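Read the structure below first, then the notes.
As written, the chains take the letters A, B, C, D, E and F, and residue 1 is the first residue of each chain.
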């Protein structure tokens, strides 16, 4: 079992247009890996710019933070449906509405289950971690638009070095430094890391701009940053 | 009971941005009318530009027409959630996923139920008509970005006259002239009109750019085009 | 994937008794074809005389047209259960309550899903068409008590000729001539044909009094009328 | 809270036609009583001749006894929908599919919930008893086509006397004498009586050919046979 | 198909502690038998001391008998989850909430479905019987803490002899002698036996203190008491 | 709207017996406050010793941490049902299975909704916080077996002082000091506090050994520790 988190940042280009070419490439890569490895797979898709747009409007319209999170979840599920369409025949057609529904589907079908979010107060990263724990996944690949975890912020210090491996305790410390604001989650949020830690899930941060990186991560090649225990 | 269909064209401006000011005004208008008339109300929201965007990508990704319709339905439901957020406290928090779910909710709550679509092959206009029939609604107001039905296409003939009233048979004839393509529905589709006809629902086409028009229609003033039997 | 529509007229004899012999033969034919072809199959069963009986009473009791349609849908589902019973072991035990539920079941089981209707304002023919579209069915066989489509009404003109093939546009025209009344659908209703047309589904009208005809149609033999694009 | 069991024998005439006049009268009687007493009410409708017809066919088609019971349950639910249609506006629109669903609906709505059966191996009388227990109903009225419980079988002995009251232990003894065959339940089955007994529910057997008798029973007049503790 | 009923008495030791060693052994035995026989299997777990504890408190808190039964059902489901955890990978993760849900799951998965109860007024023995009937199970093994059915109560008469076989009519008579009190069911309750009788289910009473006995019963060895028809 | 979290530690005495007297008192207190204030109310009940017992066995049986959390959630829901039984008539009869289900119920009923947990990786404190946020609760009262938050651990330092008020930032810092192990949550976990912080929920820690303290907290009296922003 693999769990793949596709960050919302990968789904849209600079003009807020859907990056259907990349989505199509991901669908092909995932089809290939599933075919080759004969393994089950679950995918969590982020909300990205669509989520931010609808959350912004929702907030202007006076909705609560809880409701704004729901807007983000539903936007992520709409994005998830694009990938489902591209995985026609091997993906279950609807993103689950709750952890419980995911659990049921996981037990009823061999198809790929593509998720958005589950409930307010929980990032799609936490969704991915909880799914990986439930399914005793051998790997959780986290795809974003950066190459992995650096010794320092690479935007600020050009000498920052990409870490091939990182102990879970360092990840916890790194995360605790970030202030958490609603809708803005750092690399990986607290709840997610606690699940990773207690169940020792093989979490790997990979640059998702190139779908080949996903394949490398799933097949066990060194790429991005791997969390160690 | 009122049923209100808000066309997707009203929800976005020319730059694909969400028209949250108009949505906010609609929420206020609806709150006022509901307060004044003490009547129940259901709303159907269209998919608009968001639907077209996701359908276009879905089609590029190779999905079936049935699945593309589902993308449109889910986009409409995401739009519906914006209005729900703005109607906080007096609207049920989730758009129903099927006619059956609408029927259940309608019987369990006095709150406003805001819908997107129900199933492929059915426009949000048909959704609105079927809801109006189920609830024996006294009026179905259809809000779009035009003033109503004209004697001719006003874009082609500046002398075209807005019709205050239109017999249902003329509407049927008008609609049968349009060719139907997937995702592109004319003024009101065939199934919708058949329901209107068999249950003699008071259908009124109104320009929704100004929410005051909705109030006028609901309170029985002459505005737009009223279908007669 | 095959989709089979069994018209309600085939399920009852002249004395309103259930034609269990024919149902039994259908079950055997379908078991055989499924066994031989190793293909999936979905079946839509009409409401027939049971539906008309309950709709008539429902109308007398003052129910709305929407509710009367629901009576017809539930009657069709009761009929569907007879066929399910006869297909014990290879059919899913309950008719789905909505398009969404059909979609879920279709993705979770290889079993035959036997449906009645889904929602008011939609004939069981439209249900069959929408299912055929969703599942990219290679054929939709429509079984009624006539041999197919004729050049003219064979009851009025004994020289009327059965058409082996019929272009979809001719079918559309043929249908548009019929007036539509609640509960009485012609050969195939408008919504159904629009779905057939946009997704180019291989629709075949066949006389279902003899279940062998179903086998012939599924195995690609010439029988009844085939719609062409 | 009242619970009313309407025996299937009351719903059809000798020619298997729906007795819509009697159903209509029941709807009026129930509306009146609910209006006058301001009390909640649940109704259980039997399957009657429709159930027997579909069970007979189902059995011929080779279905299991469990499945045959399901046919009976669904037939009872179709009958229940007729009464629901006649109680438009004050009845919940769908018969619940399980005890659990009844319990949920009972807690969510003041409307009348009209039930058929819940699960195989359980008569609609047991359904009525379990509902009466759950809701702490002040009375369970059982309507059949006989006047109540007699000292002997009135068909065999014309001197048989109708009992105004009957101790629960006598009822238990009476029932234990009947052999139980699938689909054929005596006056009241064992499970039902055990529930009646343990929760001391005021059960009254009344002749339902005349809906006025229902009114009398609900308003506390002496009619038929009342079970005592 | 096998159906296994594990009596609640087997799940706890004298100090109300969970007998996890025995549960673990059962899980291994069931894994082995399923592997060897390639047969499907459903399990019903009783509520035992947990149920009695929560029912006692519930009754003290003033709940109805119906609600007390629900407490027992939910306690049985919590026990069922322990066995599910031990059968990780081959058991469906949640006990079904109704007969209908069991039926759906049974048709959607090859996994072992582990049940508690379904609805008030029905013992877990009746649940096991109704499941065995639905699935046309070849055997229903009933595990308790006694060796089977005796000629007399072995606690009272040390000469009581264990019956290798027992005709169903004798079982019916035996059961009718017991008084039934809420929450206290004898060997097998009335409804359960009626289902066993009408569908001629091969019911075997076996001492469950030793899981090997289950294996023997499932593989057709003589052990405990077998009901004959 | 009030949200009340009743810690599992309050539900059992030292001998693992259910503290039904305290539960009964809580039911009375809550009835009174709801009657007096005419405000809605939701309650979250912890798993306590029952949860720990079943988690311990589940872990021994080899289940995953995710599954162990589910055992804890279900145990909490069984506890919740005791309170529901005691609140008969004013509480919804089943604890919701997910945040989504809570949201639906909250919109459909005025009754008190009593919850256990929702999903693995989330404490019942986080459930309470997310519910308080969704419902814009005016107060979230957290009942445990201690008097509130102290300047130091009162077990270690007898001079530790109870804080009447505590800034949210101090609470965050206090929590970050605790190591988090599966199943063992400190005063209030991280996710819970983040929700409290972003939506400025009036959180109050109160000693729940005396139900009067709950009443004081709900009516605005100074008791325990109030978190300030």
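Definition applied: contacts are C-beta pairs under 8 Å (C-beta built on N, C-alpha and C of every residue); 3 or more make two chains touch, one makes a residue touch a chain.
Predicted, not measured: the structure shown is a model, and the values here were computed from it.
Identification of common neighbours of chain B and chain D yields C, F. Of the chain pairs listed in C-D, D-E or A-C, the one whose interface repeats that of A-E (more than half of its contact pairs identical by residue number) is A-C.
In the contact between chain B and chain F, the residue numbers used by both copies make up under half of all numbers at that interface. Spacing of chain B relative to chain C, judged by their CA centroids, is 31 angstrom. One inter-chain figure worth recording: chain E and chain F are separated by 35 Å, centre to centre, where each centre is the mean of the chain's CA atoms.
For the pair chain D and chain F, the distance between mean C-alpha positions equals 43 Å.
In chain D, 64, 67, 93, 100, 108 are the positions where the chain touches two or more neighbouring chains simultaneously. Pairwise chain contacts present here: A-B, A-C, A-E, A-F, B-C, B-D, B-F, C-D, C-E, D-E, D-F, E-F [touch as defined]. Residues of chain F touching chain E in their complex: 16-18, 20, 23-24, 27, 53-54, 57-58, 60-64, 67-68, 70-71, 74-75, 77-78, 81-82, 85-86, 88, 93. Residues 100, 103-104, 107-108 of chain A are the ones touching chain E in the complex. Touching chain F in their complex are the following residues of chain A: 64-67, 97-101, 118-122, 126, 129-130, 133-134, 136, 176, 180-182, 190-191, 194-195, 198-199. Across the complex, chain B meets chain F through its residues 92-94, 108-109, 111.
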